[in-house]
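Let me give you the structure first, and then I'll get to my questions.
Here the chain labels run A, B, C and D in written order, and each chain numbers its own residues starting at 1.
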Amino acid sequence: MIPRYARPEMTAIWSQETKFRIWFEIEAHATDALAALGVVPKEAAKTIWEKGGTARFDVDRIDEIERVTKHDVIAFLTHLAEFVGPDSRFVHQGLTSSDVLDTCFSVQLKRAADLLIADVDALLAALKRRAKEHKRTVCIGRSHGIHAEPVTFGLKMAEAYAEFDRCRARLVAAREEIATCAISGAVGTFANIDPRVEIHVAEALGLRPEPVSTQVIPRDRHAMFFATLGVVASSVERLAIEIRHLQRTEVLEAEEYFSPGQKGSSAMPHKRNPVLTENLTGLARVVRAAVTPALEDVALWHERDISHSSVERYIGPDATITLDFALARLTGVVDKLLVYPERMVANMDRLGGLVHSQRILLALTQAGVSREDAYRLVQRNAMKVWESYHHGGSSTVDFLSELLKDPEVRAALSEEEIRDKFDLDYHLKHVETIFARVFGE
Amino acid sequence: MIPRYARPEMTAIWSQETKFRIWFEIEAHATDALAALGVVPKEAAKTIWEKGGTARFDVDRIDEIERVTKHDVIAFLTHLAEFVGPDSRFVHQGLTSSDVLDTCFSVQLKRAADLLIADVDALLAALKRRAKEHKRTVCIGRSHGIHAEPVTFGLKMAEAYAEFDRCRARLVAAREEIATCAISGAVGTFANIDPRVEIHVAEALGLRPEPVSTQVIPRDRHAMFFATLGVVASSVERLAIEIRHLQRTEVLEAEEYFSPGQKGSSAMPHKRNPVLTENLTGLARVVRAAVTPALEDVALWHERDISHSSVERYIGPDATITLDFALARLTGVVDKLLVYPERMVANMDRLGGLVHSQRILLALTQAGVSREDAYRLVQRNAMKVWESYHHGGSSTVDFLSELLKDPEVRAALSEEEIRDKFDLDYHLKHVETIFARVFGE
Amino acid sequence: MIPRYARPEMTAIWSQETKFRIWFEIEAHATDALAALGVVPKEAAKTIWEKGGTARFDVDRIDEIERVTKHDVIAFLTHLAEFVGPDSRFVHQGLTSSDVLDTCFSVQLKRAADLLIADVDALLAALKRRAKEHKRTVCIGRSHGIHAEPVTFGLKMAEAYAEFDRCRARLVAAREEIATCAISGAVGTFANIDPRVEIHVAEALGLRPEPVSTQVIPRDRHAMFFATLGVVASSVERLAIEIRHLQRTEVLEAEEYFSPGQKGSSAMPHKRNPVLTENLTGLARVVRAAVTPALEDVALWHERDISHSSVERYIGPDATITLDFALARLTGVVDKLLVYPERMVANMDRLGGLVHSQRILLALTQAGVSREDAYRLVQRNAMKVWESYHHGGSSTVDFLSELLKDPEVRAALSEEEIRDKFDLDYHLKHVETIFARVFGE
Amino acid sequence: MIPRYARPEMTAIWSQETKFRIWFEIEAHATDALAALGVVPKEAAKTIWEKGGTARFDVDRIDEIERVTKHDVIAFLTHLAEFVGPDSRFVHQGLTSSDVLDTCFSVQLKRAADLLIADVDALLAALKRRAKEHKRTVCIGRSHGIHAEPVTFGLKMAEAYAEFDRCRARLVAAREEIATCAISGAVGTFANIDPRVEIHVAEALGLRPEPVSTQVIPRDRHAMFFATLGVVASSVERLAIEIRHLQRTEVLEAEEYFSPGQKGSSAMPHKRNPVLTENLTGLARVVRAAVTPALEDVALWHERDISHSSVERYIGPDATITLDFALARLTGVVDKLLVYPERMVANMDRLGGLVHSQRILLALTQAGVSREDAYRLVQRNAMKVWESYHHGGSSTVDFLSELLKDPEVRAALSEEEIRDKFDLDYHLKHVETIFARVFGE
């Protein structure tokens, strides 16, 4: 966890304090269930909640005990006993450490997923707002980085919206994957604990009982969880790279928000760097880095080995904290993104109207010109524009004017017909349809 | 694709012949839709189906044309025209190459997913059969590779069943992810094609229309697909490694099937290597290797760049063909796995009953012996067993006998009480519950 | 292996024919050594070379035998006997299959490394030529995609040269890593084979003896080899992405070579897509995908398990063939790259000279203007230029003219002093130094 | 960074304090060079060393300043000025932030490499000691997890020694890769700084000047560095897994050191878990996780983008700290590993001498028995042993006795000849040769 890429709410999920609080809840709920089954006194279960529920666990004290006992759960239980008193002997009856550890990890991942889903919701709201704002803000669409045909900036936002809407659904599924509880003993046979305890604890914590565990919850669940974070991170990267491209000096169709007084901009006003989205590109790599170790964690030996544990100490906090930060940062970028419609038009115009060459070609053939001749006519005018662009900053030759001046073209098409092919609305006629599909409105 | 790790049905999905057949279907369905919209003659659409539907496309001929045109879709259309005749000019009207290529890829991945799901179904059937067969075949459960408490071999199979049942659900979701169709033109605006064409083609091919495409179907879908294959491969690895462990010479609780006449076994009968499951371990790595490039493919530039294309030429066939092969091989291994209950008992007995030491400890304290004394009593008998094991092949000392001989133990527990703690049924009492959870029966 | 991304020489290394030829050489050299040690008759060793050396091994025949024997090396030896006759019984004496398989893999990887190093040499030659050609072709340097200060196109090529020169050294080291030979028997103890046989075979094949093998050559060597290919692939990606950026419509400072007659360019002359470098971006991902499985192959169980074998059947050919193709394609791209110095100047000029603002700022402070005032003066002129750019295609305001018109600026700096700060040569003064460092000339 | 997997010396390299101290040294050395070139007063350079050299930089104060300036290097320089006074204006003249940041990162990685190399040296010493100690401690060699032929425990250690000796060489090469210095300005042209400054700073810090940088040091160097760590981590994993296998209950040929009084062992003495090596297996995954992001960092845009920066904030400390910890832990494990020669013999004997079946087979054929008959004879005796093992804990039948009892066998071989084939020394005859190769003694 790198503090500068961490937000407090997600970080708190992974604090020692939170962990011990969840451990307490698991133990206390388990004791409730044991009391209901008559295994421990009901009074004891009550006492545990009363005294432990208000206790402020002391992380340093627990660490101190652990240095002696060499066992984290025992250290916690020893500390808990300092609050609860003699009834603490009824805590943890029949449980295995992993019952507590693994169920706690589920709770943490589930809470992390809750935050990530909320993050995506905020991002979706920003994307939707910007999409609608720029529904008909025309800009050039690019394939291979090369001008293709017009799109709108709103369509770009709609595309991102649809992508993150899918990411949301994936996160919901990922949350479902890891929201299970195991209180099943040393090898998962419930030899020393009644399965009804697991059912009770699961329900109390908003989890499902793991159908069959083996001291641990099977790690294919976690692999799926982290793989999903990797996909979401890749979508973050995609939008970040789009913005970085749009902010390039030569393109400059959009810019990360830059407050007027922000230092360093005064003498070199053009030097506004897309540092937030560059940063997001890197953070995406960091989140994705969790995927392979999570996949490697699946094949534990026999009923369990503990190789996954150290991996999860890193990737549990790192991947969720980093993705939470990245999503929030991306939301801020989208929300405040400076959009430059004038420059979008200017960029499109740089090629002097060449983006319409295909439509002219088609119009000529539909007007009865042979395919070969149509090509020749379009080509000779297009090449003039292109040559001019190719040797300077912007084309100084205008495709429309050239076409209007070309007698062979004019023999086939009227000025109105030619001008009509330069109509940008032609490209926008289905924008509403697409928006209806994406936003369902 | 490595022939020895490929099965014909999955391989066929990725053949040139299949690809061209799918291309034809996309084009023919699109022409149908265009005919219905009055853009092309209905008669032409009919002719295309009649003449193209029965045509045997010649891959070499298409390659030959492509060498001239340098464009695969144009090469195909040229070849198609050789069958269809003049009406072929109504094919591909308003479509972009990517409309055909990306939708074809969706169809291929969907079919691949269908096969993988069927593979998992076969594996689930084998696991269920073996689980029920060995529901109460006791073996030692191991944590950290060390004997812990008894489980059953059926429970191991049930665990794998539950895991692959989750994998099945993930594959169904992955199939849903990539089952979309895009017929939306050069930058996804439907500038030259009616969105209803896309809807028609999608329906005809069992796909959904992509809500917003940008010449290409967004690659987060494919990333999720391949990430899911990576998780399934990791589950394959887990079960493969379990079997490899069980087949180790010292363990030998199960063995990959070995036909009596199989070469090389005669003079060294012990040298039966778990080569199938070792192979599966490697194949899992191969399938997982597709995950990272698929994640890196998401962030295409602007409306599209073509960097994903070469990646998908490798991972599309490789990951699906390899996983299909791996699942089938694993099914065969499970189905015919030789299981040795006698050796399971023998292994458990190697430690002379030490696995029951915890229960004795508990019984002593419950009988009023102080925790400290109980420890001492258990320990002094346990250590005799352990020392004997530690210095030889198997323990020659029996924990039960030692306990029965120990007057201090006997002062607290009767012979019957002691023997009762060695009852394996104690550990099996919830097997039915777990089976009910997993198999829902 | 995807034929379209494969070149014949590298592909041949991985053919069955080559493999069997190498197997023969290993066996024949081993027999020579055994003959020298008096273990087998010298005459037999001679016969094997004579009859086997000219034999054309029949892959189909060997496959046929393997279907019966279920063992590839035995199948080959059986086929070899068909050429060699009775003396073939002296072949493979004391060897284990892995001795042949692993040593063969070393030979193949070494040859692959030879080709890759030659590929890099060709790329270096192209880079050096282009670097020198454009040593002083000025273009804007960009950090964060934003104009920074001038560089030259030759410097970009020099940077790539230095990077691939490092890659060359890495490939040489990687070749060294895997160039070892193991003829050490079932568990590497030379129980049934004299270590001198290994020494002889190693020398004959240009390999070193593996100091300690365990039936197999340790896989950390191969991991290092494939990790190195991953680094080289990433350098390919870097240069590919540089070219893609330079070819973007708005930038267009360089273009992949496009033959005048190349189809599709006529009507849309601007639609020249950087498909080769986009393809290289994807191929880099493919090569990198070999790294993780190669790392996972290291931890074989005990003296060996065979999990690495299937992995290597994929990544051995795939990673080397793909990287070979990528390096050759990149060399072609660099060699024939169309470079547009006029557009480089035009792009730099788009910001109306703003790239020199820092130098003016410094000159003002050196002329005694306070830091604060200097900022204010530069800023008010810079902002005019920027505003103009920000709202259109190119700046219509010129920074130099604005400065010359500004009385406060002129009070501190003469026209000559101001003009001097716009001198591009200022930025080129150490180009020779850098070239000397890189090209050592 | 996870405290429990971190050691102080490596952690200190990545502290804020260390970073600022290195920044200071870079700045002070650069100022020295500038003074020597007459750009700044020599007196000032002296003052900077005097006042800054003894200063205790206040991280909180720098953070406080950074919150205002939004720039880390400026914040540091501001703080430095608080110590140095007016002469601080001569610091950082002509430098770019990246000159400081990237060179600092080189220093940190170089120091990290120094520690890792020292770690490997300690590991090598432990391996060598254990190798020599157990040079002739016979144990069974296993391929595929199945008994093959005898090796010695010393050979296992020698193999690991050779592997880590290679790792050492790789780390030395990796250190060389990243030990470069860049003081070259905003786009690497030395426009505002003399190249001799870079040469001086490089020398003073034990680095080489980067031949051509572009504001940043090229990231292929760092990719190679982290890829190397990934390979070393995989070797750690290999040895860790070997030990985990040897400690399995059924095998128990070695055990991680367990202090007699260590808690939890008393009542369940067999439950000594190989938690250190399991942990190492996980840590290897963590270190390897740095490889892919490091490879993805290579392709920065144009002269630089800053996407690598966030990645390196994670993987710089995480990969080096974790690997340092892992190597040290592994050294401890090897150093104190409990080795059980008696159990090694017992395990080998479990198969009643079957490991010698191949030698008997060979002896029979050499004694003139036909290959077919020899097989039959060996097989009928071997199968008795195997059947007995297959149905119980250890074989109760002894291969040697059976052979001696078999009249057909005895017709071909004398008792002495048969017994001779059971001689373990046969397998050890080249142990010295291998040791000489590995340890060069």
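As a working rule, a contact is a pair of C-beta atoms (placed from the backbone, for glycine too) under 8 Å apart; a residue touches a chain by one contact, two chains touch by 3 or more.
Protein identities per chain, from UniProt: A, B, C, D = Adenylosuccinate lyase.
Predicted, not measured: the structure shown is a model, and the values here were computed from it.
Shared numbers divided by all numbers used gives the overlap of an interface; between subunit B and subunit D this overlap exceeds half, so the copies present the same residues. Of the two chain pairs examined here, B-C and C-D, it is C-D that is joined by more C-beta pairs in contact. Matching CA atoms, the turn from subunit A to subunit B amounts to 180°, rounded to the nearest 5. Centroids built from CA atoms put subunit D at 26 Å from subunit C. The centroid of the Cα atoms in subunit B and the matching centroid in subunit C are 34 Å apart.
The residues of subunit C that reach two or more other chains are 142-145, 148, 244-245, 273, 275, 278, 288, 292, 296, 301, 305-306, listed in rising order. Contact residues on subunit C toward subunit D in their complex (touch as defined above): 141-145, 148-151, 155, 158-159, 162-163, 166-167, 170, 173, 177, 185-191, 195, 209, 211-212, 214-215, 218, 220-221, 223-224, 227-228, 230-231, 233-235, 237-238, 240-242, 245, 284, 288, 291-292, 295-296, 298-306, 426-431, 433-434, 437-438.
Residues of subunit A touching subunit C in their complex: 140, 142-148, 244-245, 247-252, 266-275, 278, 292, 296, 340, 342-343, 346-347, 349-351, 354, 357-358, 361, 375, 378-379, 382-383, 385-386, 389-394. Residues of subunit B touching subunit C in their complex: 2, 4-5, 69-71, 244, 262-264, 273, 275, 278-279, 281-283, 285-286, 288-290, 292-293, 296-297, 301, 305-311, 313-315, 318.
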